[in-house]
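Two complexes come next, and they have one chain in common, subunit A, joined by subunit B in the first and subunit C in the second.
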Partner chain A sequence: MIGLDTVLRRRPDVRYRHIPPETVLIRQAGPEVMVLNGIAGRLLDLVDGHTSIAGLIAALAAEYDAPRETVERDVLEFAAELLAAEVVSEAEPR
Partner chain B sequence: MSAPTLRSLVERSWRDNLLFSVLVELTYRCNLDCFFCYNDLGLKGQPLTTEQYLGFFADLRDLQVLNLTLSGGEPLAHPDFFRLGAAARELGFVVRVKSNGHALNGTLARRLREEVDPYQVEVSLHGATAATHDRQTRVAGSFERLVTNLAEMKALGLRIKVNSTLTAWNENEIGEMFALTDRLGLPLQFDPEVTLRDDGDREPLSITPSRDGVLRLFRLEFERGEAAAAAAGAPVSEPAVGLRQADAELPPPATGKHCGAGSSGIAVDPYGNVYPCVQWRRPAGNLHQRSIREIWADSRGLADVRELELEIKHRIDALGPEGALLNFCPGTAEATTGDPLAIYSGAKQRAELLQQVMDERRRSPLRVLR
Partner chain C sequence: MSFGERYLAHPALFPARLAGDAWGEESLLLELPGGPYLFTGMNDGQAAALERRWAGFVRRVDPAQAPAAAFESRTLRVGAEEFRHFDLRGFELTLEATHAADAVCLVGYEVMARLEWRRDALRGAVWTSAADPETFAGAVENYCRALVAYRLAETGAVLLHAAAVVHDGAAYLFCGPSGAGKSTLSRRCAEEGDAVLSDDLNAVAFADGRPVALPLPFCGDLRSPERRAPVPVAAVCRLRQAPVDLAEPLAPGAAIAALAACAPYVNQDPHRADGLLAQLERLVECCPTLMLSFTRTSLPWPALGAAKAGA
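Here is the complex of A and B:
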C-alpha cells in the first residue's frame, strides 16, 4: 500500500523520453509501450529511490503551483498505477 | 494517465519532425563476408571517434531520441563497442543491436546482456542448412556457430529477433528456417527483397528470389499468421513484410507522411554522414562538420525528404488498396530508378503477390472453418 512515506525507484529496464506534452515509456522486460501525460512523466523524473511520496508531492506542488490536495491525490493515483504496471518498485527502507 | 496513445505520438513525431529513432553504423568491419552485403565498403572518410560518438549520443538524449540501433558492418567489431553500448544504456536509450551473431558466444553474449542490456538483438540467418547459410556468409562453419550462439543468447535472456532476406539461395528452405527458429523459440522475419549495395553495385540482385519463392513466403506467412491468430483468438492480420527501417515496429500513422525517414528517424554511417534512413542514402549532413541539432534543424537534404514524404503519401493513397500492399520504400525507389517517387518493380510484384495470396486465403474453406 502506497503512503506518504513510501519511497519508489524506477525499475532498471524502464526507458522513457519526454515528447511534450507526453512521455513515452517502454518496459524492456515486457515489452510494453506506455504513453504518460506531462505530470506523470515529470513524476517519473523525480522518482529517484530516495525521495518519499510526500517529497514528490511537495516538489510537484511547487513546480506546478497547484493546490497540495490536488497534487497529492494525483500523485498517489499515478504512483499506484506505475507500481501496478511494474514501472517503479518500492525502494528498500534505508 | 494513458489517454494519449503511441499512435498519436508517432503521428506527431512524423508531422512535427521530432527525432525519435537513430540507426548508427559503427563500423563497416565484419567477421563475415556476405555476398549481398549492402554496405559501401569503398566509402572513404574519417571515422567518428569514440569521443565523438559519446557526444553525439548525449545530443540525441537531449533531443529526446528514444530508439538507438547499433549496426554495422558488424557492430561488435568496433573496438569500443562495449563502451559505446554501455553509454547508450546509461543515457536511457532503447538499444537495439544488429549483429550477424558470429561472435556472440557465451562470453560475449553475457557481456552484452550485462553491460549493454539491449532491448533487442537482431541476428541474420541466411538458410536452414550450413550449405546455404555459409554460401551467403562465405565463412565455413558460420551456420553451426550461429545456431549454437542463438541458443546460448536465448538462455542468457537476451531478446533476439532473427532476420532473413529471401534470396534465390534460400527460397526453398523457408519452411525449414521457420522450423529452426521455432525450435529455438525465436521470432523470424523475412525481407522479401534483395537490394542494391549502397554504392549502386547491382551484383546482389543476381540472387533476387524468384516469383514462386516470394509467393511461397507470403503463403507461409499468412498460414502462420492465421494459425497464431486462431490460437490466440485474435483477428487475422496481414503478414509482416520485412523492413529495414529503424522504427519499423511502430504503428504507421494514418495521415501525413509516407514514412518517418528524415522526419522521425535517421541513419549515420561510420564516417559521420547522416541520411534520412538506412535505405535512403541521400546525404543530409556530416557530424564532423555540424552537430546533429544543426543538421536536424537546417539540413536542406532533410527538408527535401520531408517534402517528398508528403508527396509520396499522396500518390500511394491515390492508388487505393493496392497502394497499401506495395510496402513502398522511397529509398529503394531512388536507389533503383533514380526517382524516389517511382513505383519500382519489386514493390509492384510484392503488391501483386500479396493480393494473390489474400484472394487465395479468402477462398480457402479451411480458413472459414477455423
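Here is the complex of A and C:
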C-alpha cells in the first residue's frame, strides 16, 4: 500500500523519453511500451530512490502551482499505477 | 524462467568468447544497410542455402578479399546435446536475449549467438547444431536479423517489424505484431500490382533528412527481390484490423510508442533503448504516422488518401 512515506525507485530495465506533452516509456522486461501523461512523466523524473511520496507531492505542487490536495491525489494514483505496471518498485527502507 | 533455460541443456555454459569449431571454409558477404556483413565458417550446402534465402543480397567471397569494413560473424558447430529438443507444434519460436554494455547474448531453438563490441567494432558468432542446410539457414537468419537491428541502430537507422509496400513511387510502412495483418495487407497490395519490399521486417534510414525504406531480404511470405534502391517513405501506419477502413493521425507520443513496440531486439536492450527512442522521435517528426484500421479484404489507399486530404 502506497502512502506518503513510501519511497520509490525506477526499475533498472525502464527507459523513457519526454515527447511533450507525453512521455514514452519502454520496460524492457516485456518489452512493453507505455505512454504517460506529462505529470506522470515528470513524476518519473523525480523518483530517485530517496525522496518520499510526500516529497514528490511537494515538488510537483510547487512546479505546477496546483493545489496540494489535487497533486496528492494524482501522485498517489500515478504511483500506484506505475508500481502495478512494474515501472517502479518500493525502495528498501533506509 | 531464466536466460537460456527454455532452449539450452546447460545455460550456464553459454559461450563467453567468440570461439569454436567452424562447419567449413565457405564465406558469404551479405550487402545490407549497416554492413556489409561477412559470414565465415560454413560448408558448401549451408552457404548455398543462405544464398537461396538471401538471393540478390549475398555473394560468396574469399574472406581475405572481403571489404575491411565488413562486420564479421563466425558460424560455429556445437553438438546437438547442447540444446533442449522438443515438439515444435504449436510452439512460438522466440529469440531470448541478455544485454550488457559491450555484449548481447541470444538463444533460440538450436541456435545461440553472441555479439560483442570491441573497441567500438561489432563482432559476432553464431553456434548451431543444425547440420541440415535449410535448418542452418533459418537459425543463422534469426541471428542475422538481430545483428542487422543493432548495426542499423548504430548508424542512426531503425529496423521495424513492418510490411513495406511501394505505391506511386513511395513506401508505406505497416507496423504491427504477428497477426496484425501485415502479410494480408501486403498480399492484397501485391495483387493490385504494388511492390512489397518485405511483409515482415524493413529498415528505415534518413537520406538528406528524409526517411527512406531500405530493402532487406528478411520476409514472411512476400518480398520483391528486384527492388534494391532506397524508397522515400510517405507514411508509417500502425495496423489494426477493424470492421471499417479508417486512417487517423497518431499523436507523437502514441506514434513513438507504437513504433518502439515494433522495433525488435533493440527495444529490449536497456543499453540502447535511449538511442532507439531518439531515432523514432526523429522519424515521427518528419513522417506522417497514422493508426490504420482496415478490413482484411480492403486496400489501404482510400483511407490513407482521405487522411492526407483531411490533414
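Note that in this section the second predicted complex is superposed on the first by the 94 of 94 C-alpha atoms of A that agree within 3 Å, B and C clash if a C-alpha of one lies under 4 Å from a C-alpha of the other, contacts with A are read in each partner's own complex, and residues count from 1 in each chain.
Rule of thumb we're sticking to: a residue touches a chain if its C-beta (ideal position, glycine included) is under 8 Å from a C-beta of that chain, and two chains touch if they have at least 3 such contacts.
All values reported here derive from a predicted model rather than from experimental measurement.
Applying the stated clash criterion after superposition on subunit A shows that subunit B and subunit C collide.
Legend: residue contacts after superposition of the two complexes on their common chain; A:E81 is shown touching subunit B, with no touch to subunit C.
Using the contact criterion defined above for the overlaid structures, shared-chain residue A:A40 touches subunit B, although it does not reach subunit C. Of the two partner chains, both subunit B and subunit C are touched by A:Q28. Using the contact criterion defined above for the overlaid structures, shared-chain residue A:R15 touches subunit B and also reaches subunit C. Shared-chain residue A:R73: touches no atom of subunit B or subunit C.
After superposing the two complexes on chain A, the stretch of subunit B that clashes with subunit C is 325-333, out of 55-63, 289-297, 325-333 or 361-369.
Within subunit A, the residues touched by subunit B in the first complex and by subunit C in the second are 12-13, 15-17, 19, 22, 24, 26, 28, 31, 33-35.
Considering their complex, residues 12-13, 15-19, 22, 24, 26, 28, 31, 33-37, 40, 77-78, 81 of subunit A touch subunit B.
Here subunit B touches subunit A in the complex through residues 1-6, 8-9, 12-13, 18, 20, 64-66, 92-94, 117, 119, 159, going by the rule given at the top. Taken together, the subunit C residues at the contact with subunit A in this complex read 99, 251-254, 256-258, 260-261, 267-270, 273-274, 276-278, 281.
Considering their complex, residues 12-17, 19, 21-24, 26, 28, 31, 33-35 of subunit A touch subunit C.
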